[in-house]
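Next up, some structures in structure tokens.
You will see two complexes here that share chain A, one where it goes with chain B and one where it goes with chain C.
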Partner chain A sequence: METEAQRLKAAFHYTAARLCEEVAEDKGICFSRQAIAAVSEITFRQCEIFARDLEMFAKHGKRSTVNVEDVKLLARRSNSLLKHITQKSDELSLNNLEQKEKKKKKSAAKKGRRNSNEHEEPVAIVNEDSNMA
Partner chain B sequence: VRREKREPSLPSNLVKKMFIHYVKMPVAKDALEAVERCVNLYFKHLSNDLEAYVNHARRKTAELADLELLMRRQGLITDKMPLNVLVERHLPMEYRKLLIPVARSGNKVIPQKPR
Partner chain C sequence: METREECAGGFKKETVNKLLQLHFKDDKTRASGDAVLLVAEMLKVFVREAAARGARQAQTEDLTRVEVEHIEKILPQLNSQCFECCPILVMMNL
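And now, the complex of A and B:
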């Protein structure tokens, strides 16, 4: 019998191993199995903290949905991380805008034929207001 | 003779007394100076964080909710340790009366909640 947490932990562990492999290739070092396990465990526990904080921030903004602003507030303490996340969120919002325009064009044109080269990236957060408050 | 402008900070005597009260052991003078510098830095960080939280709630005024969030992120307030317990533990009676509403006879709540 496998619980949800165990499955999540296994997924974390797999991803951590992949990322550690990348770093190992990049830096020319080797990760022991215990090190990878420790990294995945740390990540798992850190995610609990992140989840709690994000929930608090959303509640503080009188929302029930976590949005990009909350994530930025979470990463506010470290400058480089904030810069990185801001850049990523800008990319995401641009992507969203492009997709919306495509949809608009499609709905405007109302052509019967389907676009075969459609590759929609899974976007976790749909950012409605991308303008910075 | 004009006094030179200094950064506003807590009185060093107060910081000293508080610190010695909590550590319960003799402290060297230079250590106390370091503690004072830490306190000033702490207030700097605190004000920055508070500003971010107030902006996040799209307000211009810091409220109790902002401070509660700040203390939660500092790990002072947890599910087992609510704000009111901390207030009762660490603040003198007159401040507690301002912060924690108390029901009195005649259906009066003192202090009345703002707005």
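And now, the complex of A and C:
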């Protein structure tokens, strides 16, 4: 029987292998299976180092939850990596803000027409059935 | 509930979260959603960087196939330039 850790490793390896194939295609070169396994294994071990460091950073900040700032600290050694991660982080927070706005609008709208539009749901169900047939 | 494909083609948020959880020493340690997504991005960059450098190494040797030894050769670069020092070479039994 597979343990949880083994399943995680398999999922990890699958994605790492796919990313390697992408690079191979870009560069017009191929990777031996062992080379892909090596890249995957190195990255897996790197992930462990990441986790340990992140935990320490959070602890240093007297928190039990790792946040975005901790990850930025992890990326500090390479300027280009730090820039890339900071940019991603900004995108994420912008995305979250938009998501929140949408939710606000949605729930406000829902409250407004809850009583008048109750027939909406059954219509949707009928549509689904016809798609399946 | 959350079906946002933040890391299309990269590592899944759930996988990375569980991996982090696995390696945290303290069971109480958690990671915020955005932090997990950023770690997933870091891992993706790491894989691509390792693969690209391995490919370049093979190409400088006029080969069209990347072998383990090419990856071994570029390991020190990965550790010193981008990421923290780590005795990966010693740990790898390849």
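By our rule, the second predicted complex is superposed on the first by the 110 of 133 C-alpha atoms of A that agree within 3 Å, B and C clash if a C-alpha of one lies under 4 Å from a C-alpha of the other, contacts with A are read in each partner's own complex, and residues count from 1 in each chain.
Definition applied: contacts are C-beta pairs under 8 Å (C-beta built on N, C-alpha and C of every residue); 3 or more make two chains touch, one makes a residue touch a chain.
Here the structure is a predicted model, which means the values were calculated and not measured.
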First (chain B), second (chain C), both or neither touched by A:53: both
First, second, both or neither for A:73, with chain B first and chain C second: first
First (chain B), second (chain C), both or neither touched by A:62: first
Touched partner set for A:105, first chain B, second chain C, both or neither: neither
Residues of chain A touched, compared between chain B and chain C (which is higher): C
Shared chain A contacts, counted only where both chain B and chain C touch the same residue: 53, 70
Chain A partner contacts - residues on chain C that touch it in the complex: 4, 6, 9-12, 15-16, 18-20, 22-26, 28-32, 34-35, 37-39, 41-48, 50-52, 54-56, 58-59, 64-68, 70-72, 75, 78, 81-84, 86, 88, 91-92, 94
Complex contacts: residues of chain A adjacent to chain C: 4-5, 8, 11-12, 15-16, 18-20, 22-24, 26-27, 29-32, 34-35, 37-43, 45-55, 58-59, 64-68, 70-72, 74-75, 77-78, 81, 84-85, 88-89, 92-93, 95-96
Chain A-touching residues of chain B, taken from the complex the two chains share: 52-53, 55-58, 65-66, 69, 72-73
Residues of chain A defined as touching chain B within the complex: 53, 56-57, 60-62, 69-70, 73, 76, 133
